[in-house]
Structure formats: structure tokens, C-alpha cells
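Here come two complexes built around chain A, the first alongside chain B, the second alongside chain C.
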Partner chain A sequence: MTILLYAIRRLVQAVPVVLLIMVGTFLLLHLAPGDIVDALVGDMGGADAAYIARLRAEYGLDEPVWVQLWIYMGKLLTFDFGWSFVHEQPVSVILFDRLGTTLLLMITSLSFAFSIGVALGAIAARRAYSLTDNIISTLGLIFYATPSFFLGLMFIVLFSVKLGWFPVGGVQTIGSFYTGWDRVIDIARHLVLPTASLSLIFLAFYLRLMRATVLEVAELDFVRTARAKGAAEGRLMIHHIMRNALLPVVTLFGLQFSTLLGGAVVVETIFSLPGLGQLAYQAVTQRDMNVLMGIVFLSSILVVVVNFLVDLLYARIDARIELT
Partner chain B sequence: MSLADPIAPGGATPTRASVFWRRYRRNRAAVLGLVLLGGVLAMAALAGFYEPGNPLRRAAAPLIPPFTDLAVPLGTDQLGRDILAGILHGARISLLIGLVATLLSIGFGVLVGAVAGYFGGWVDDVLMRITEAFQTVPNFVLLLALVAILGSRIEYIVLAIAIVSWTAPARLARAEFMALRKREFVEAVRNLGVGHSSIIFREILPNALPPVIVYASVIMALAILLESALAFLGLGDPNYASWGNMIGQGRAVLRTDWYVAAIPGVAIVLTVLSFSLVGEGLNEALNPRQKKG
Partner chain C sequence: MTAPAAPPPVLEMVQVRVALPPGSDRPHALEALDLTVRAGETVCLVGESGSGKSLAAGAIMRLLPEPQVRMTGGTVRFDGTDLATLSEPAMRALRGNRMAMVFQEPMTALNPQKTVGWQIDEVLRLHTDLPRRARRARVLEMLEQVRIPDPASAINAHPHQISGGQRQRVMIAMALALKPRLLIADEPTTALDVTTQLAILRLIRELQRDQGTGILFITHDFGVVAEIADRVAVLRHGVLVEKGPAAEVLNRPRHAYTRALVAAVPALRPPAPRDFTESPVVLRAEAMRKTFAARGGFLSGRRKAVVAVDDVSFDLRRGETLGIVGESGSGKTTVSRCITRLLEADGGRVTLDGRDILSADARTLRAMRADIQMIFQDPQASLNPRKRVVDLIAQGPMVHGMPRAQAHARARQLLELVELSPAAADRYPHEFSGGQRQRIGIARALALEPKVIVADEPVSALDVSVQAQVLRLLADLRERLELSMVFVTHDLRVAAQLCDRIAVMEKGRVVETGPTAALFAAPTHPYTRALLSSIPGRDWSPPDTRHDAA
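Right after this comes the complex of A and B.
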């Protein structure tokens, strides 16, 4: 019951942030040169002034800004982002069509970065200042400084062009019509390089933080007590140290999710994955502001949801947090 | 401050700079970062000597591989532009964009954080909700939206990068101000009748700045990465040589001449690495208690 109350309280706290983001997207749309009527008239190849004025009235663009903001926010609440004149479709249809690919890329990248980063960080900390630690830490530093687009291109050169192990782009082989497990394996092979290029920088984040916190926790009194009582090293590591060292890493997980979504723009563009990121890039070059603002809003909602889930997870694994 | 620190009360105290350097030097990686940073600065300084004219001009035959022609040591791209000239001039642009964007974001972030942390109450609530909203929107997506609206002029790109990166310094400054505002020295000047703005800027700010300055190196590295990603997508200012743009152009000949994209990429990695290493060294030297491991 307490966890339910806690969840409700966290949700209520997110409300003002979501409202502010709504106002922000509205302001950005207004700052952008040209409105929906300009786009319509441009599509028709010109119209006379009286007709344009009537169109403006029809779309509510002659109302005061406050009224327009109210209408816009009401529409956002139902995920109505308007019409895309480039795709000739409602924006929400395009967005939800693309959401799956992006989520798939996010989930694979985060799981890879989290599991490998945590494991490598723990190994590096247990053998602090040894050769193993030095190699892992140096790799971490280099991944930390490498932009994902550069990494992606070099992966393509090495693994697609020179070695031919993985496909250059796309989410599945065109015209293959695989079904069942063949299709899953095909998609997985297409996702290896994008996942690797997106996740290595986050892997470096987790690795560095994990190494630092394991070193810190290993010095604490309760670990010494456990060791004095004769706990085996393996049990000590997993049961006593890792469980406590994971807490800051989980926090970072939530904080980094928004950065990861941003990184998807570049990676999806390089590997021509039909996701939200690639759509965002296309929307900028095609000046499709409704789609772009829809992505800004939808991705922010995604971040809010993920942070909410991370908070719940955090409350679950850290018994010290009081759920009041 | 540990017991090993050679500051004896009354005796000949070493200058603050030499103590600082001794602590900084302990971290070998940080020293390497300083050397790399020096290299990047030298590249930016030498750009004018190596190529006084336009680095985007056609210098030789297209696609000369690196280390084969002395006139163009790092080779040329598919339009015959000298890659070394692009790298040197790109160092200038990266550093310039990084520096100005960092100053803007730190300046604005510290202002917001200072006001929120100092006054607290509803001012803090409102400012922190706004900060959270900015943190929630994925920063690269917001950057794309801003560039789509403002355009690709270099000034606007700097401004857009600052707009997406001011939140972290704001939170840092807020935490420092909240910790410092109840301290005795602040109470003392307040009782003397000193005004709010004077307390914020002349009394608290100098004490709150060190962690923010350390964080500036992180923002600098992030700003350089953001700019290069924009330029890579072809959304940067086309009038300047930029590492990201060079990589984007190199993508067209990736299959045959991958060095066109690889060389500027290495330049970005080394520059970002230098800033994060220097930042870590500064952090350890300025906050010795936080030293890990």
C-alpha cells in the first residue's frame, strides 16, 4: 500500500514539469517562422488574402495567444500533434509507427551498457591498480570521449566493409520476408552495430561510477564485519558490496535516459533505422515543425515515465528509503 | 586537507599555486590531459601559419592518402581539401564554440542556481521545476528544434548549445548556495545591512564557484561533442571548417577512403579526452577529501 502512495506522489510531482514542457513546445512552435496556414497555402500554390484570413480563423490562429495555448495543451493531452504536410498523415500516427524501433534500440543499448558496465566496473575495483584494472579503466576513458557517430562509422568500416560480419544499415534485410525466429535473428544482426555505437559511452559512465562506488563501499564497516564473520569473498562481493554499490548506478540510469534518447538521433541516422531519432533529423531538414515538436513532447514523456519507473525500482532495492 | 600536506602554521608556507600543482601532479592521467590540451591549443594557434587562407579551398588532387605527399601531410578529401588545414582550423572552431557556450551556460546556470538556492521557498520551487523541465527534454532533440527555428549561424549554434546545457551548473550552484546561505559569515554581513545582490555576488559566489569551475570542463567536453554531432548531420555553420562536418563529408567515401572520416574523429576524441582528464585532475586537486581509491 505504501508503495502505491509513493507512486502517486511521484506522479503528482511530475505534473508541473509536463505542463511546463507543453508550454515550451507551444512557444517553440510560435517562434518558428511560418504557421500551419502558411504551409497549407504553400501546398496549394498561393491564395488571396481574404481566403488566408478565413483559414486563419478556421484554425483558431486569430485567437489570443492564451486561448491558442489552452487549445494546444488540450490536444497534446490526447497525443494529437497536428498534421504533417510532408508525410500527409497525422503526426501521432507517424510517431507511434516509429516508436517501436527506437524503444527496441534503447532497451538493447541500456541493457548492454548496464550489465557489461557494472560487471567490468566491479572487476576493475576488485583488482584495483592491477593490469586488468588499468586496461579496463583506459578503455572506459576512451569510450567516454568517443562520439557515437564516429564510433558508428568506424564500426561500419571494420565490421561491415572489411569483415562483412554485420549489415551496414536498416532494421531487417529488404525483401527477405523472414518469419518467426529467422526474422528475430535477422533483426538482431541489424541491431548489433547501432547498439554497440550508442551504448559504449554509457557503458563507460556505468563502469567508472561502479568502480568508484565499489571501492568506496568495500572500505565501509559492515563489509569488514562481514569479512570478520567469515563470509566468502564471492558472497561478500555479491551480497554485501554490489547491492549497495548499485544504488548510485541506478540513479545515473534514470538521469542518462534523456541523453540516450538524444544519442539515438545520430545513431539511427547513420544506420538508417526507421525510428524517432531519424524522423527528428528528417523533420529538421524538411522543416516539418509539427513532427519535430511531437518528437520533443513524446520523448520528454518517455523520459518522465522511465524516471518514474527508476524511482520505484530504487525504492524497491534500497530498503532505507521511507515510502512516505 | 590530509596530514601529509606541508602547510605548517607560521612557517614558510608554499604558495597556493605550488600546493595546487603538487596535488594535481599526483594524478598521472590528469598530467597527460594537460599535455593533450596543450597540443589542441597549439593546433589552434598554428592554424594561421599553416593555412593563412581559407581551409575549405581546393589544395591538391582529391583523395590523396595521408603520409604520402609532403605538401598535404594528412592527405585530401574528395574535394581536394587539405585535411591537416581542416583539422587545425577545426580546432579553433571547436575550442571557440566550446568556450563561449560553456561561459554562457555557466553564467546563466549559476545565476538561476544562486537565486533559487539563496531565496528558497516558492522562488526555488518555480526555478527548479523549470530546470527539471529542461533536463527532461532530451538535450540533442531540443538542440535540433532550436537549430531548426534559429538557423545554422555559428552564433545561434553556440546559443542553442548553452540553452541545452545550463541545468547542471544551476543545480550545482543551488546546492552550494543552500549550504552557504545560513553560515555565520553570511549572517554577519546581513546584520551589517548589506543587500541581497551584494551578499549573493560578493560574499557567497566566490565560495560557491570552485565546484562549478571544475564542472566547466565537463560542459566544455559536452559542448564540443554536441557541436560536432550537429555538424556531422550537416546542420552546422557551413562557412567554417568543423571536425564534425569533415566526418560527415567523409561518410560519402567511407568504403574506399575511411581515413577522411577517421582523422577528424581522432581529433575530437583526443580533445574531449583532454578536457575530461583535466577536469578530473582539477577535482582531485581542489577537493582532496573526495579522492576515491
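Right after this comes the complex of A and C.
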């Protein structure tokens, strides 16, 4: 019951946040020079001024910005994202077409980064200043310092071009028409390199934070108490140290979700994955306002939802926090 | 004990030596420590901070922070077995089972993420094969034994949901769940209020009588020693300087260091009353109120409004010291913060030399601050570590317009006044000991030549011998500079030393005020009586071995 009330309150709080983001993005995009008509006319190789003016009027772009904003927000409230003149499809159809790929990429990347990062961090902390720790920490530092686009390109060069282990790009083999498990395996093979290049930097974040917090928690009084009770090291680690050390890592997890969305743009473009990130990149170059706004809307919803889930998770794993 | 045949020793430490890492202030934390604890006996290991008393506990449990700190010699025998011969699993089987430990900080010694029941149950799970149902019954029984109200619901409580005293009871339940032969208690009551302290000490005694446990009780507080000890061992810089029966050591200490320690314990004999009726009132508080509002935030939704200060009034005359005593949460610190306007009071008036502090505007207030200065509890936390001592002291006068050179010269004079060498001026706070840092804090407060000093637990973080020196310094400065002082403390022994009058606070209200001697001799309010009767070792008065020349 309290959770339901809490969820409703959070939902109500989220509405102005999302609206503010949408208004801000809309105005920002209108500040940028050029619009869809410029892009279309550019593709056509030029047109006379009267035609351009007529096109603008047709798209409603001759109205003042405030009126356009008003119309757009009005439509948005009925979940009408408008029409994409580049793709000649409703924006909602394009978005839902692409959402799956991006979600798949993000979920695999985050779970990989979180689980491996936390595990490696914990191992490094337990063997602090040993050879194992040095190797793990150095690896972490390398991942931390390498930008994902560079990592992605190098992976393609090494694993796709030289070794031929993984495909260069795309989400599945074109023209293969796999079904069932074959299809799953095919998609998984396509996702290995993008996931790796997107997640390694986040893995490094979790690794470093986990190592630091485990070292810190291991010094706390209650760990000493548990030791005085006769608990062995494994038990100490699982029940007393990890449980408490995870808290800041979960906080970071929630904070970084939005960063990860940003990273997805780069990775999807490099690996030509048909996801939201790639779509966003195209929409920017083609001045496809409606698609861009739709992506921003979807992303902000996604971030709000994930943060809500993280807060729920946090309240679940930290006994001291009560949802109100 | 007085038993004709002494019970067998549970713990024997023979020539135990613990090495410190190179570069420490001394090579050994413990040197050739000999100590015996018999069944049913309480041995107090007494020493000031840094004496190595906690490491002695670590050496027994084999829980020293190795490899930096390790045992390099001697033997620890537990029930006749040399612990050094045991494997790590065998040692683990002893810990929490046959030998158990209670720590100082009940706030941090329990895992915040696990329920109280789970944590007591862990001991049973580690050391017995009892089925779940039997373990639960035993946990409930233990909670009952340590007299936690409503064990059935406490078993599911998380540590943050119960009070400090209850947490310490949980620690004790955990330690005694398997009826250990030896209980090591490392300052178990230091962080607690006096009334809670007494209850916990009684509980430990009582459980000991039922179970015949041998107790090694580590403490720095001679009041507690007088309360609980059968035998006493005094540790100084890792060397055992004196041991013997409690009555012997407390009343006829032989070693010079023990004598100094015992003499430093503030006696419960208030000084002769001084008469202030002729002196003008310097500080007057009338009907002061402060409520901490209820918060509806995300993290603290259920917190109710707390009335921290409720209708508090007092007068402070020139040269007089008013003690404000009470337990934690009584509002005494809030009073000190409100009269200095570090916190905004909700109502009432505070006047300093007839001028209202509470309604003064920012500029007037800044000028008035020169007349009322604070000394804080934690000298480490209240001195900016990045500034030299001379700058710390000179800062106040310079803010009030004194030229730099003059302020620095004045700072050096003040250092002399608080009995620090003038060379201290150019050093940083971390280079000083706790007592020296508190002297710097006092010098800083005096730099503006205030009329009133508000001291919030100024000696609580200090060792007894240092505490005595700082108290003497404060008394001395008070006379010489005609200072008025508001002295906030939870320690009635300290209050008895310095205060002319005492105001006892309970739940935000002053329940009793009176001249110190009268209040100690004939307390009228039941709460005052409860406080006074909870002072550890109240029946013991430190023998007057001091031949004070000054």
C-alpha cells in the first residue's frame, strides 16, 4: 500500500520534470539554425524562395515558435508524436521499431558491467595490494581511460576484420531468416562487440567504486563484531561486507543510466545497430524534429522509470531507508 | 573473590608482547603483559588512550590487525590451552562461543542491514546445530534476559530502530548467548548516558553471577572500575604498572602513575560556594524555546516535531560558572547553541549585558560575538587543519579589525596564557595531542576578550589526567580574567569540579537549579536524584594523595 502511494507520488512528480525537458529541448532545437525544409531542399539540390515558403507554411513552420510549441505540447499530451517527413511514417511507429534494440543493448551492457564490475571490485579489495589486485585495477584503469568509440573501432579491427570471430555490425545476419534459437544466437553474436565497447567503461566505474567501498566497509566496527563472533571470511564478505558495500554502487547505477543512453548513440552508430541512438544521430543531421523530440521524450521517461526502480531497489536493500 | 579455593583461571596472559609497525611512537604496544582472569571474576584493565589496552583484547582473540601489529612473544592460555597452537578454524570455533567480546560503540558495532534477531542468531548458527525453531527460542530468551522490552517485536527490529542502550544490550545478548567462559568488554559503557551505563553494568554483573563468566573489562574510567571490578590492572604505554584487588588499587595506589590517575578523577565534592549576589548579571535567558520542526522529506517522513528547549530561563553573573547537565537528548547542547545564536531560537529573550542577542541584526550580532565565545567538544574537528595555530587564534581579532601584526603578537601571548610554548604558534593542529588542541581552542575563544564563554563538553573527549589539567586551566583563567561561563556537560563529576550553580535538564526543560553543593547534597527532583545515584563509583571517593602546591 505504501509502495503504491509512493509510486503515485513519484509519478506525479515526474510529470513536470518530463514536461520541462520537452519544452527545453523544443526551444533549444529551434535555436539551432536550419529546419527540416532546409534539409529537404538541400537534398533536392535547391528550390526557389516561393516554393520554400509554401513548404514551410505546409509544415506549420511559419508560425511563431510559441504557437508551434503550444501545438506540439498539446499533441504530446495525447501521446501523439507526430509524423516523420524523412521516414514518411508516424514517429511512434519508428520509435517502437527501434526501442527494442536499444533496450537490449542497454540491459545487456548494464548487467554485464554491474555484475562483473562488482565481482572484480570485491575480489580486488579482498586481495588488496596483491598481484591480482594490481592486474584488476590496471585493467580497470585502462577501460576507464579508453573512450567507447575508440574501443569499438579497435574491436572491429581486431575481432571482426583480423580474426573474423564476430560480425562487423548490424543486429542480425541480413537475409539469413533464422528462427528460434538460431536467431537468438545470431543476435547474441552481433551484440557481443557493441556490448563490450559500451559496458567496459561502466564496468571500470563499478569496479573502482566497489573496491573502495569494500575496503572501507571491511574496516567498520560491525565487521570486527562479526569476526569476534567467529564468522569465517566468506561469511563476512557475503553477509556483512558486500551487503553494505553495494549501496553506493547502486546509487551510481541509477545516476549512470542516462550517461549510458548517451553512450548508446555512439556505439549504435559505429556498429550500425538499428536502435534509438542511431536514429537520433540521423534525426539530428536531417533536422527531423519530430523524431528527435520523440526520442528525447522516450529517453526521459526511461530515465525517470529507471530511477524510480533504483529507489525501490535501494529501499529494499538498505534497511534504514523507508519509502514515504 | 573471597572463595577459599580460588576458581581456576580462564585466561592467563604470560609475558605477552605485541609489536607495533616501525615508525610508531614506541616499538611495542604491549610489553611483557601478565594478566589472569578467573571464572566469575571481573578484572579491569585500566589505561589512558594509547596505553595498548584494546590491543590486549585483540591479542587474546587473535584479532590483531596483522601483519602490521602482531604478537611477538609470550603465551595466551585459555582454559589451559595455548591459543598460539590452535589452527584458525579452531580459533574461530572459540570466538563468539567460549570467548566473546562487547565493543565500545553500540552505534556502529551492529550490522545496519540485518535485524537484531538475525545477528544474535548468527552466533547460534555458527557454533551450534540447533534447528531454526530452537535457535529462535534461544534468541527470544536472550533478549528477555538482557531485558529488552517486547522481545517478540525487537527480534525483527533493525539496529537503527532501537536506542543506544538497547543496542548495547543486544551486543551483550549476542556475546552471552552461548554462555562463554570469558567475556572481554572493551569500554562497553563509555558511549552511554549515566543512567543507561549503570543499568548495563548491573546487567553484566547479574549475568556473570548466573553464568560464572570471567570478565576482562577494559576501561579508562575509575568510576566504572569502582563500580564493577574485583581486581584492577593499570596499563601505561604498554607496561603493566600496577595490579591488585580493586579496593587496594583504588584507595591505596602504590605506583606514581596510578596515584596520578586516581587523583585526576574529579571528586564528587563540590568546591566551597562563592557568593555572586553582588555581581552584575552578564547573560540572561528568559523563556527560551526551540522546536525542531517535523520534516516531511523523503528520508524522514515520520519524524515528529521535537521540542528541544522548552521555556528555559537562567541568569549568569560576572565571574560565575553555570553548569548545564543532562543526558543525551535533554537539549543542553541546543541551549548552548541558541544563546550564542549558532541556532535560531523560536522564542524567548537572551540578553548579554542588557543587549538582546536573539533579535540583533547581522552587524550588531557580529560585534556582540566578541563578548560571547564558544569552546567545542571535539578539538580535532573544530580547528581548521589547514591553518597554523597562530592564524587560528588571530583570525577572530582580525575579523573585528585588529591589525595583523598586533593580532599575531596577541595570539602568542594567549598561547602562553594557556600554558603552551610560543613555538606552538607556527605549527598545525594535527601536530598536537587532544589536550593541547583543546588549549588552542580555549586560546582562540579568549582572543576576543569575551565576557562569557560557552563551553560545550570541553573535556569529554580527553583522558582523565588531561581532563584534570584542562579543568584546572579553565578554573584558573576564570579567576584571572573574571570570566562568566556556561558549562555544558553530561559528566556530573566534571560539573561538580567547576560549576558554582547547576541547572539539570530533562527533555528540554530545566527541572532543577541550585548551587552545586546544595544540589549534590539534597536533590529535590526525582530526575536529579536518578542522575546522581547513577554516577559510577559514587560511593567511592578518590583518596586525596595530591599535595597541591599551586
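Just so we're on the same page, the second predicted complex is superposed on the first by the 281 of 324 C-alpha atoms of A that agree within 3 Å, B and C clash if a C-alpha of one lies under 4 Å from a C-alpha of the other, contacts with A are read in each partner's own complex, and residues count from 1 in each chain.
The definition used in the following text is that a residue touches a chain if its C-beta (ideal position, glycine included) is under 8 Å from a C-beta of that chain, and two chains touch if they have at least 3 such contacts.
Just so we're clear, the structure is a prediction, and the values are computed from it rather than from any experiment.
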{"item": "Which superposed partner A:226 touches (first chain B, second chain C, both, neither)", "value": "second"}
{"item": "More chain A residues in contact - chain B or chain C", "value": "B"}
{"item": "Contacts of A:317 with chain B and chain C, given as first, second, both or neither", "value": "second"}
{"item": "Partner chain(s) touched by A:212 [first = chain B, second = chain C, both, neither]", "value": "first"}
{"item": "Which superposed partner A:120 touches (first chain B, second chain C, both, neither)", "value": "neither"}
{"item": "First, second, both or neither for A:161, with chain B first and chain C second", "value": "first"}
{"item": "A:259 touches, of chain B and chain C: first, second, both or neither?", "value": "first"}
{"item": "Contacts of A:242 with chain B and chain C, given as first, second, both or neither", "value": "neither"}
{"item": "Shared contact residues on chain A - chain B and chain C", "value": "none"}
{"item": "Touch list for chain C against partner chain A, complex", "value": "61, 63, 89, 92-97, 100-101, 103, 105, 108-115, 122-123, 126-127, 158, 160, 171, 174, 298-299, 301-302"}
{"item": "Footprint of chain B on chain A - complex, ascending", "value": "16-17, 20-21, 24, 28, 31-33, 125, 128, 141-142, 144-147, 149-150, 153-154, 156-157, 161, 211-212, 215-216, 258-259, 261-263, 265-266, 269-270, 280-281, 283-285, 287, 289, 292-293, 295-296, 299-300, 303-304, 307"}
{"item": "Residues of chain B that touch chain A when the two form their complex", "value": "29, 129-130, 132-133, 135-149, 221, 225, 228-229, 232-235, 244, 247, 250-251, 254-255, 258, 261-262, 265, 268-270, 272-273, 276-277, 292-293"}
{"item": "For the chain A and chain C complex, residues of the former touching the latter", "value": "220-222, 224-232, 235, 239-240, 243-244, 317-322, 324"}
